[in-house]
Amino acid sequence: MKLVAETISVNRGIKRVVQDLSFEVEQSEALIVTGENGAGKSTLLRAIAGLLPLDSGSVDLQGGKEELLLREQCHYLGHQNGLKTALSVKENLEFWQNFSGEPDFAIQETLEIVGLAHTLDLPVGYLSTGMKRRIAIAKLLITRKQVWIVDEPTAGLDGASSKMFIDICSAFCDDGGILIAATHLPLDLKKTKSLHVEMLDTYADDAFDSGLDT
Amino acid sequence: MIALFKRELLIALRGGGGALTGVIFFLCVITIVPFGIGPDLKLLSQIGPAVLWIGALLATLLGLDRLFQQDKEDGSLDILVCQEHALTWLIFVKCIAHWIVSTLPLVIATPLFGLMLNVSPMGILASMVTLFVGTPAITFIGAVGASVTVTLPRGGVLIAILVLPLVIPVLIFGVLSIDGAINEPQPFTAPFLILCAFTLFTSVLGPLAASVMLRHSAD
Amino acid sequence: MIENTKNNIGIWARLGAWLTHMANPTRFMRFADRTIPYLAGLSLSLFAIGLYLGFTAPQDYQQGATVQIMFVHVPSAWLAMMCFSVMAVSGIGTLVWRHPLADVSLRAAAPIGLAFTFLALVTGSLWGKPMWGAWWVWDARLTSVFILFLIYIGIIALSRAIEEPTTAARSLSVITLVGWIIIPIIKFSVKWWNTLHQPASVSKLGAPSMDAVFLYPLLTMALAFTVLFFCLHFMNMRNEILRRRLRVLKIKSGQLGKGSAV
């Protein structure tokens, strides 16, 4: 199984963010996306996760489940956690477990992994930013997906929690997962690749860009 | 999908206020009418069913911006649209859940408000039935409005502007059926069935149009 | 028969090819620059003929001179509806073929449609006062046209509210198509409501068969309005394209951050 992106281009408005980018991520491998702020890391990740349309090119998961699209086999963790503050941690996790994919770890177990077992029945609204982020990370574990796409996963986490996240990632990769992460954290995994996203100074082929000479 | 349905109901229960705001707004509309037109009971009983419908319609419009906005803000929407469930179906379920928490209380409150407006028992029953059957259509059309304004920080008013003209048929047939139920020569079945048909029609059209919109609304 | 079908396919294929050809705004600009003077001239001459015929038409024995309002009123009502259909087709163009000019066309048509709808409502009201004794009657036609007016306002409000052109194009297309499907329903429902509540409604065009002295000026005026619509539509599309180009230029020169409107 491998994730293959072929000459993908992504636009944001008329600005070209990613131009003819190709990469491959093998099973058990992690792709670390780096780049300065505003270079388009998040846009690239959202495009891979199927949340933004590709302007050209294609992203495929070769050897994945035939009947599912790539976006359906991904866990996407963006800047927001996707948690409801009104519901308890348990209810939040239960929902995502029932809603998408096949269940993997039990909820209690995942909470122990992220070190928040005691928060099971607390409303998410009571938790601190870092704790919410850890719950969002626990969300990656409760259902089994082949690909994780995580965007600044350790934002708001302290050193110990970041370490914990690295452990989770390395366990996931050892288990045959594909990880794509935008992070500045040194992810100490066995097989990593890095991809540097450059800030582009080009524009999309916008229909309204032409004809200034007439 | 059942999980989504349960979640929506639970959030509404916990979040509190949502359902009640609608009922209170409904009550406000009902209370204002006698002040506006005078306390003539005969007149009130005549226009009562229509006032009930207008109140319920406005109260339903009020809550529509919550349909996708909160999921958009906390990032749930991104994950929801990515899953293997059909987006149209997902929106349908969300609409039903939204209707149950924000509009069904209005239907339940109708008898009380009907009494305040001196509507006859038959009129109250007819109001409840037509509201029960007709208001889902408002939510389904509202889903389209909510989906096109989901990227806007303050879409509430815009949703009302967009949705209000489109739900006028619901209002017309709703009031017509009540009229048919109270006043003998007028037919009840025909407008009522059209009301049902309209709800069924929008239950397909609304989620379908909203799904076209939401698929790439992720900005 | 076979010849005819063949011919039809030929027309559609040619139309498709032409639309693809027009996908380039520069090409469209050139096309608009060439055609607008002709359209304007044609519209003006048709208006001259139509207005002349209209004013010299004999007075109706029932309605008197007010019947002449019809020559403005009916064409604007027709155009109000045609304009919405043009917008709906543009909406399909955006959603299905992603034609870059479809969105421009939709946006450009909306204010024109609003203006025609407004004209239809105002002239209808002026006509209604002497005929029905009231400025406004909740008659089936009036009400459905009024709803159309509200839908136009909604669409224009939405087009102003969303800044990012691609998102706006999608939103506008979706809401226009939903609105377009619902218009016949509105028309039908209001009509029915009317027959139940106001059995003695005044039929707009009077007798079902219209005399030629009224029909010819009416048709001429309808044609004049149609040509005027396309003329204004092309002009407004040209403006919209220029507005887009200005936006692109501003973004490129760094004057405009992402997300701010032109």
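Going by the order they are written in, the chains are A, B and C; count residues from 1 in each one.
One rule holds for everything that comes next: a residue touches a chain if its C-beta (ideal position, glycine included) is under 8 Å from a C-beta of that chain, and two chains touch if they have at least 3 such contacts.
Only a predicted model underlies this, so the values are computations on that prediction, with no experimental measurement involved.
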item: Number of hops, chain B to chain C, where each hop joins two touching chains; value: 1
item: Identifier of the chain whose CA centre is least distant from the whole-structure CA centre; value: B
item: Contact-richer chain pair (by C-beta pairs counted) among A-B and A-C; value: A-B
item: Chain centre separation (chain B, chain C; CA means) in Å; value: 31
item: Separation of mean Cα positions, chain B and chain A [Å, integer]; value: 37
item: Chain centre separation (chain A, chain C; CA means) in Å; value: 47
item: Numbers and ranges of chain C residues touching at least 2 other chains; value: 164
item: Chain B residues counted as touching two or more neighbouring chains; value: 216
item: Partner chain C, residues of chain B touching it in the complex; value: 141, 144-145, 147-149, 151-152, 155, 158, 161-162, 164-166, 168-169, 172-173, 176, 179, 186, 191, 194, 198, 205-206, 209-210, 212-213, 216-217, 219
item: In the complex with chain A, residue positions of chain B that touch it; value: 1-4, 6-7, 10-11, 14-15, 73-76, 78-85, 216, 218
item: Chain A partner contacts - residues on chain C that touch it in the complex; value: 23-26, 29-30, 100-101, 164-166, 241, 244-245, 247-249, 251-252, 258
item: Residue ranges of chain C touching chain B (in the complex, touch as defined); value: 95, 147-148, 150-151, 153-155, 157-158, 161-162, 164, 167, 170-171, 174-175, 177-179, 181-182, 185-186, 189-190, 192-193, 196
item: Of all residues in chain A, those that touch chain C in their complex; value: 12-15, 203, 206-212, 214
